[in-house]
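The letters A, B and C name the chains in turn, as written, and every chain counts its residues from 1.
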Amino acid sequence: MNGSRASALTLAWRLASFGPRGYPVVPIAIIVITTLLAVFADFIAPHNPEIGVLGERFKPPAWQAGGTETYLLGTDHLGRDVLSRLIFGARVSMIVGFFAVIVAGVIGTALGIVSGYFGGWVDQVIMRITDTWLAFPALIFAIFLAAIVGPSLTNLVVILGAVFWTRYARVIRGEVLSLKERDFVRLAIVANCSNWTIMRRHILPNVINSAVVLASLQLGIVIIAEATLSFLGVGVPPPMPAWGLMLADGKKGMMAGYWWLTVLPGTCIMLMVLAANLLGDWLRVKLDPQLRQL
Amino acid sequence: MKAPLLQLRGLSTHYVSARGTRVVRAVDDVTLTLGAGETLGVVGESGSGKTTLALTILRLLPMAARIVSGQILFEGEDLLTKSDVEMRRIRGKRIAMILQDPMASLNPLFTVGDQVAEPIRVHEGTKRAGAWDRARELLRAVKIPAAETRLRDYPHQLSGGMRQRIVGAIAISCGPRLLIADEPTTSLDVTIQAQYLKLLRELQRAHGLALIFITHNLGIVAKMCDQVAVMYAGRMVESGPVHQIFDAPAHPYTRALLESIPRMGDTDQRLTAIEGQPPDLVAMPGGCAFHPRCPKMMDRCRSEEPPRFDVAAGQSARCWLTAPAGR
Amino acid sequence: MKRYLVKRIGYSLISLFLLSVIIFFFVRVTGDPAVLLVEPGASQADLDAVRQQLGLDKSMGVQYVTFVTDLLRGDFGNSFYYRMPVLELYLSRLPNSLLLAACAMLFSLFIGIPSGILAAVRLGGWWDRVGKIFALLGQSLPSFWVGLMLILFFSVHLGWLPSSGSGTVWHVLMPAFALGWLFAAAHMRLTRSSMLEVLGSEYVKLARLKGLPEAMVIAKHAFKNALIPVLTLAGINLVIMVNTTVVVETVFAWPGVGRLLYEGISFRDFPVVQVTVVLCGAMIVTVNLIVDVLYAVIDPRIRYE
């Protein structure tokens, strides 16, 4: 599948590198702004995202007829301010996205290193499990787990982490396999270093690059996964604001023409994912051209 | 005198970059003649333009390349005036080519028989059964044992030497008059190389083929070829009968090439190499392309490109050293 | 070939086994699966009855064996909401999902492959550039949002297409598009680069040197080779597609197994969730096996591995 990414990669990279000295200004700006919104949500958001005024339901955005400046982007079916919910939703997306990617990364990298380094039956067992896990659709699995443990932010992070670690394991294992043949690792083995030391000091630093690139690529996928789970009702528990949840609510009002309840959260998701993907592609080219294989 | 089979006159092929800013003169003003049944060796380092020359003759150049001038007279007809359809009828049928890497040349998804029979079916309209029979005969002609079973095999099941023979079989399948072999033995084991060259010579004699043998190996040239053409940076710096050139090379580059071959009984400890690197074709030095590395360089060589001078019977070189008095 | 088949089937069986273990494990991990498998609002007696039935007092090994034998017998329990065996329920919805997936996959292949070939053969052209943008967007837009936007535009705004349900060709159009478009982009990109690689290969060069007509070079020599990676991708994408069916069916209220899963979650109907997950996994393992066999049929090199 390597060639397939090459062509969109060039375009993506050009878009992403649109900035001084080729740094991906736009994606970074988007991510930074979103992070700021997430962190300072309490101060920036004009209204409480979870409590609404029922008398102000379904107000359209300020620039449309019927809208007011109090609710810049309109209100939803419970009279809650859309703008505030979007801002707080950013917090949820970032937290879940960030931590899920880290959890998945840690598990996956660890297993990948162990599997690649020890080889033999350890490798076989881990790889079989990974293959089975991978073959299983992430979302269905996530839904399954969510149905068992119930919705909450922590559960969500754990579930997404548990579902997405396999991608890391596969790739890292491959890298470890080729690293094992390199002289500095062989020397360390000959010098009778403990396995743990070798893995920690020699192998880990060399696979970190790939792990980071994978993580940035996964971020987009994870955000979409969280949004999907919330949309289906097994993600973030209401009344907590999440973009996916807003889409689910918004769907009900679509037939009546309340477009802002779906278009706006969706655009947020799209921008976030686009930024993550562009950043990931840029990182991939920057950190190690060999990683174009990913 | 019999008309020559192939005549190249002032042939030039240039690669032009996308914006038209950079021009690489991959083949620069090449003139040579080849008679029927003769063998011509084309020698040069990588990037000297040998393969581009071959592809130019067959007019199968990539999109960025352009044949800017010259003539290619094959059996009296100028190939540069032919339409695409006419060229296609010539390729594989009247002029054939063997590429360097036999594994890569054969399509992994089709059987050997299918691929050998293919040109026969396309060029001569033979039905499948008849073409299959011809394919079997061809495999026998290139000395492949158990031809019948081999026909049904896939390329990855055969050894490198056998694959190259099959490529040879494909090449002669429609009875071409000219065969161009682009480094056919470079990717073969040394032990197999000799056998393959022997095969090529036999096929040549049996079918009256003219052969253009592209190589960087002067030893092969000495064994196989009647004529030799030496290429450097896209230009043909010397050409002529093999024994004449080997005995008395006129161009300093040819001389350096011959000297760099280690000989049995040499007592020198170090290998003789040619100083310097081949030029970057994008930024060529002015005048004679070889002058930065030439031990006999004169002032003239820096600024003026030498034209072809006749050195002896049938031998010519592009070097100011060979210029007759008064030029 | 036979050895390859046997090996692949062996792997599939191992995967199925692992799958059952994983599912079993996760259901049991909460401590008291009886809570999941019993209707909400059930009495203590009901809970005890279920515990007995599941044999929760017995060892894990025995429980697992019971679990698997039940599965193999087709006993997946009953749905609380629909009050019927879940297996039946699942099987009744399955054809709808298959239909949708087939339409979406066909759509993505029929759009993706030819445009990929076109883009490769006419490199740098208009088609090529449009394709690249299409591909980039495809990755960043969640399909359920695409579905929602489609509904917004075609149903609410224009009133041309029905926004939910199934039954006619008109009903299938938007869901198939929402489901398939992301794959169309991916297939197009892959076909394009695969085709480019193949067109630059030595055997294509030799085919041209043989004097074969260009159409034959592309259709016979290039196409089959270029298709191999696309097939792999299609196989992998099938798995992702199953993911996406859940949301697309929910958005469009398409009566398939994806929507069944959604209902299972909404109504806290765990047996439904469980059966969907188990059968989904089994289906994927089977489909992967089929794809691998197809592979071997097309590419002779695989057969001799």
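Just a few scattered comments:
What we mean here is this: contacts are C-beta pairs under 8 Å (C-beta built on N, C-alpha and C of every residue); 3 or more make two chains touch, one makes a residue touch a chain.
These numbers come from a predicted model, not from an experiment.
Shared contact partners of chain A and chain C are absent.
The most centrally placed chain, judged by C-alpha centroids, is C. In this assembly, the C-alpha centroid of chain A lies 22 Å from the C-alpha centroid of chain C.
Rounded to whole angstrom, the centroid-to-centroid distance between chain A and chain B, based on C-alpha atoms, equals 56 Å. Each chain gets one centre point, the mean of its Cα atoms, and the points for chain B and chain C are 53 Å apart.
Chain contact summary for the complex, chain C toward chain B: residues 201-203, 205-214, 216, 221, 224-225, 298-301, 304.
Interface residues of chain A facing chain C in the complex, by the touch rule stated above, are 1, 3-8, 11-12, 15, 128-129, 131-133, 135-141, 143-149, 220, 224, 227-228, 231-234, 247, 250-251, 254-255, 257, 259, 262-263, 266, 269-270, 273-274, 277.
Residues 58, 60, 88-93, 96-97, 99, 101, 104-110, 118-119, 122-123, 154, 156-157, 167, 170 of chain B are the ones touching chain C in the complex.
Those residues of chain C that touch chain A in the complex are listed here as 14-15, 18-19, 22-23, 26-27, 29-30, 36, 132-133, 135-136, 139-142, 144-145, 148-149, 151-152, 155-156, 163, 186, 189-190, 192-194, 196-197, 229, 232-233, 239-240, 242-244, 246-247, 250-251, 261-262, 264-266, 270, 273-274, 276-277, 280-281, 284-285, 288.
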